[in-house]
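Got a structure for you, questions after.
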Amino acid sequence: MTLDPGQVFQNAIYIAGAHDWPLTPAEWEERARAALEPAAFDYVAGGAGSEATMRENLAAFERARLRPRMLAGTAERDLSVELLGLRSPVPFLLAPVGTLSIVHPDADLAVARAAAATGVPMVLSGAASTTIEDVAAEGPLRWFQLYWFNDREVTASVVARAEAAGYGAVVVTVDTIVLGWRDRDLRHGFLPFLAGHGLAHFFSDPVFRARLEAPPDEDPLGAAAQALAVFPNLALTWPDLAWLRGQTRLPILVKGVVRGDDARLALEHGAAGIVVSNHGGRQLDGSVAALDALVEVRAAVGPEATVLMDSGVRRGTDVLKALALGADAVLVGRPFVYGLAVGGQAGVEAVIRQIAAEVDLAFVLSGLRTVGDVDRSLVA
Amino acid sequence: MTLDPGQVFQNAIYIAGAHDWPLTPAEWEERARAALEPAAFDYVAGGAGSEATMRENLAAFERARLRPRMLAGTAERDLSVELLGLRSPVPFLLAPVGTLSIVHPDADLAVARAAAATGVPMVLSGAASTTIEDVAAEGPLRWFQLYWFNDREVTASVVARAEAAGYGAVVVTVDTIVLGWRDRDLRHGFLPFLAGHGLAHFFSDPVFRARLEAPPDEDPLGAAAQALAVFPNLALTWPDLAWLRGQTRLPILVKGVVRGDDARLALEHGAAGIVVSNHGGRQLDGSVAALDALVEVRAAVGPEATVLMDSGVRRGTDVLKALALGADAVLVGRPFVYGLAVGGQAGVEAVIRQIAAEVDLAFVLSGLRTVGDVDRSLVA
Amino acid sequence: MTLDPGQVFQNAIYIAGAHDWPLTPAEWEERARAALEPAAFDYVAGGAGSEATMRENLAAFERARLRPRMLAGTAERDLSVELLGLRSPVPFLLAPVGTLSIVHPDADLAVARAAAATGVPMVLSGAASTTIEDVAAEGPLRWFQLYWFNDREVTASVVARAEAAGYGAVVVTVDTIVLGWRDRDLRHGFLPFLAGHGLAHFFSDPVFRARLEAPPDEDPLGAAAQALAVFPNLALTWPDLAWLRGQTRLPILVKGVVRGDDARLALEHGAAGIVVSNHGGRQLDGSVAALDALVEVRAAVGPEATVLMDSGVRRGTDVLKALALGADAVLVGRPFVYGLAVGGQAGVEAVIRQIAAEVDLAFVLSGLRTVGDVDRSLVA
Amino acid sequence: MTLDPGQVFQNAIYIAGAHDWPLTPAEWEERARAALEPAAFDYVAGGAGSEATMRENLAAFERARLRPRMLAGTAERDLSVELLGLRSPVPFLLAPVGTLSIVHPDADLAVARAAAATGVPMVLSGAASTTIEDVAAEGPLRWFQLYWFNDREVTASVVARAEAAGYGAVVVTVDTIVLGWRDRDLRHGFLPFLAGHGLAHFFSDPVFRARLEAPPDEDPLGAAAQALAVFPNLALTWPDLAWLRGQTRLPILVKGVVRGDDARLALEHGAAGIVVSNHGGRQLDGSVAALDALVEVRAAVGPEATVLMDSGVRRGTDVLKALALGADAVLVGRPFVYGLAVGGQAGVEAVIRQIAAEVDLAFVLSGLRTVGDVDRSLVA
């Protein structure tokens, strides 16, 4: 994965030119827009309400300014990270993104194969279009993202399947106990689940199927309605984490925290790590930028806790900024989904390689050899 | 009024999709623009001078960033507020807006019926197109907004009628002792009152009619001129509040305050509450944003005083931001007027339900069960 | 001059509607642009270099937010100011603007007549198109702005003429010892003086004429060249003010100061007052906004010194902001020049009356009866 | 070089009008865009990644506001600087810019001749299109910019040639140990070196030629590939400066530093001076603005160290701002390259004279006679 020292620029030209891929986040987005139905594109690209948080996520990265060191001897680099036993050759993972079958027929399988090909782990969405087990068959590098349903038996069944299939951690999303208010989807009247997308874990789950009057292939709309019925879980509280911990030996990361006090609560209730996130600006419009929240969360939990972040990462330099501001690693979301839309597995790989090359080059130009070299002074 | 927990998103789709209403503040405004004469639209949409304050009102809400709490157990919620004896199922009321007959023939009656249907109280404008008594006939949920004329007998008569008709409070507007300098209206040469709009309380008032040489239906222009003659009241001072208190047993809220010292003066002179407002940016161009003024006012009057605010509220998340920054409730103005323009009573209801659903969802996603749960830490 | 209390809005409609004048600063500017040759318009409208200071002058007013007081009893108002013996019914004067004959054939005479008609004094430019004596014949209300030439005898002659003609003060401009670098003029290759504009005081001056080989009507270009030759005066220092004081009994104001230390130097060397100004952004591109400089200058010279300001005043609320931030009065420049371009004397009057009405309304809506009521707390 | 006092404005008109040159940075850029192939223009005009740093470089100058002094007696001025024995009549030099043959066939020779004609020294690029010796033949005023290759013998040979040819200093660039990620170039698939541009020092170097299997005129692509192979030097560390110092008696300036600690390291390891720079925003996207870095660097190294800066200088007032914030002089890059594109040597001269005239005028209007008069208080 790691690029040859001294070959960074040529590699970049090769990556881009030889395959005619888009080159910038804006170009990937435009190509994805052209490749997708408007409703599908907007489901991916859009955010909650006025999309203020979505804009602010990007603006926070723009505001952060790097202070690179010169002549630090960066010929030999190791950009890898180890996160609760999971290794990645670069300090980013593929974020969990649901309903990928609206983007490409290969959906999560394409992502899993790109992950296996590059060594960059994926976090499988709890609302995936491919089953836990089918994704697991593509390789060992992955975590499982859990939506915590209001039906404990279904939830427990899904968690057990993930553990059995070899996933390395459960990333439980707490910012989506119900879906956000998303103007674009409301305008399209589009909810992917109603069209059968993103329900693979439900439809393959014996406990969930037992809830149905007819199997999904006979009554897909009824099955989707049942899935939507178990989805919202507004009653959840921090003490409920104890129950979840009782369902699995896997470490649990809590994803969707933007406050320092919440991060401490998560750790006090047994979480093994935090993913600072506002769900890419898709849940509460007006929420603080994830990068700003990261600073607060890291300050609250101290230097030892495992803290990842997502929401707004578009470029390799964004990855570096997040590391400098306290992240152990970041999750990349929309960029790889655009890659999937543009070119399936190959497109996902191209995006991964571009961002990896940018991260590597940012390390070289900032005087960094390892993730451990990154310190707070890297950002002004 | 309160939405079913877990049904928020579906409700929103229903609200929007089933009735083909606009979905965003911008869409409502565009649809209203299309429905109205340019001069009428601009009278509603415009502000004073360069409209700097109007822009700043919105910018202040944009600057405020939410810090939601996760896993706080929000399945059971009660968003209601009680304000000087008036209950609302949600922490907002319908702001007083004058001359609604330029927007829709049903004018204030449509609003009153939408208020009755949703349970969200209205504040009847002192420059309404429907009489105090006719609006009162639509239901019990309302306050009366008073323009304090330079003719004490007319003023007293109007106040007495409001009390007799069952209004629960007098909201006296102090920022409009004379109309602001509004570029758009000056450009159109449009003053609704000269065309007979917004004068229902005058024309139905026995004391006012006694001032006229001919009844309004015989000499409408002469009656309008007389109304404009009694309107400005530049001589008013805080001690004059004692006189107003002497005219009614109703509590009096002072609306249009943007300074902490003024808010204290209002309370010292007997006001029961404050409405922080810059009249939607329609009076003094360059005035501070109402949301910024709210912070100052709350700090000045302490936690116990009744403080509402308006000017800039467009979304459910704006309501939450205002609550976090010190408001007991907010008034929503232009949004419901656009609803009235687009669909009469049904349009007003749709706007109310949309904003209510957004508020409810914002509570769910921020970890709040009641208005009492909102604290200052909700805003960064 | 003072508007009838309670008639402000109607007056505004009358002012605008009855005469079909433009209403906003932007409209006046557009109408002036349409009325003038591009080079002439750009000479007036343009600034130095990238025009950063010109933009910043306006931005500083936009940033300043008003904190109006309510119910302060403003039925009786007196907006007049007295400045070193000169009275104005409103807290602004007409700024000195040179070469007005490129804008309108009546040039300074039209301005002088508008000043006489409204009672708002003008400051006659040292680069005027009309002689000191001809302007003086129009009325007593005026100051004289001096460009301090490198020829002491010509300078002294001009000052003596101003004193003899009854001007009340000399406003010596110190920020224009040579003309600024103005992109628009360079692009047009346009220097009004070379076309004979703005040289009336030179050509009517016996001392200057004695410098010429041929009178201006025989060799206008030669005379213009001689004027340009005596114009730059880079050698000037503060001690030179003593010489200027020796030439006249009139009080001397120093115009073009943007630093507190310079303002103190001016007073120490005998200036009777300061005009904080960056020459409307026409001299040093990148200079601080005049409104920001005003705050520094007032802090440096204390509350008693006479301090005026210009550069960026467009609206009545701008006047109020400048007063709150330390000005005893302001000078209005480009707005009246646009009025002159659009309608000659009547256009200048219309602009004066519009701004005066806006100032009056801003006083009413801010709870102010006199300029003395304005305090620092008016601006946030 | 120094303009006649009092003739500044006329000079500017002459410079612009008489030769029909563009007048503003934007016009020069547009004219250059029209004159060049898109790939060549973008190579010059573009920056790294999203070009955030490129924009921020300009924004930092825009944010800096000047506080000019009045009446300081500026008739006699001396704008010259002396930097490690090199004199310039103005406080700027011509920055090293590589591959100028993509811009104009005369490339570095045209620049050298313009430098000789105006007396403003150039810094010859290490990636020039003209040999060290050929440029040296044009005149004595120059420094040499070194790219420090991974081949010590080639590096030493180039340094020795520069010393032998009479260059006055070595400016070693440390921010380009490998090329940055430049979206525009990647999109064009354009790397000038592959087309043979910018390799004059390599191809004329006996040590380098000994590395080749065939001479460059027989196998240009092979020679270019070899040059690219020796270019990246990621292993460099500060202690390596000792080796470089051992290769030459010339003073060494370190170019590309943006941190105070790095600047101190450079001086501790024997550098004679610092050039604060982010390579015009072409290397690490997201890096701090060079002007902001200048403040930090000057604070770190104290008042005596030689500190220059580049990246973002477009106007004469930018030069003054940089001096006020700690620079002994600045380097001007893209502006002269646009001049070269538009008019060859004459175009470079025109740009130099325009900026020099602007600097001179900025000194006059700010009350400055010499560079030594500039102090920190000049910028707000």
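Order of writing sets the labels: A, B, C and D. Residues in every chain begin at 1.
To be clear about the criterion, a residue touches a chain if its C-beta (ideal position, glycine included) is under 8 Å from a C-beta of that chain, and two chains touch if they have at least 3 such contacts.
Given the structure is predicted, the values throughout are model-derived calculations rather than measurements.
Novice: Count how many hops through touching chains it takes, at the least, to reach subunit C starting from subunit B.
Specialist: Minimum number of steps from subunit B to subunit C: 1.
Novice: Where the CA atoms of subunit C average out and where those of subunit D average out, how many Å apart are those spots?
Specialist: 43
Novice: Could you please state the distance in Å, as a whole number, between where the Cα atoms of subunit A are centred and where those of subunit C are centred?
Specialist: 61
Novice: Note the residues in subunit A that touch 2 or more other chains, in rising order.
Specialist: Correct list: empty.
Novice: Okay, what are all the chain pairs that touch?
Specialist: Pairs flagged as touching, ordered by label: A-B, A-D, B-C, C-D.
Novice: Please name which positions on subunit B make contact with subunit A in the complex.
Specialist: 5-6, 8-10, 12-13, 16-17, 23-25, 62, 64-75, 315-317, 320-321, 357-358, 361-362, 364-366, 380
Novice: Which residues of subunit C touch subunit D once you look at their complex with the stated criterion?
Specialist: Residues of subunit C touching subunit D: 49-50, 52, 56, 150, 174-175, 177-181, 183, 186-187, 189, 191, 228-229, 232, 234-238, 240-241, 254, 256-259, 261-262, 265, 283-289, 292-293.
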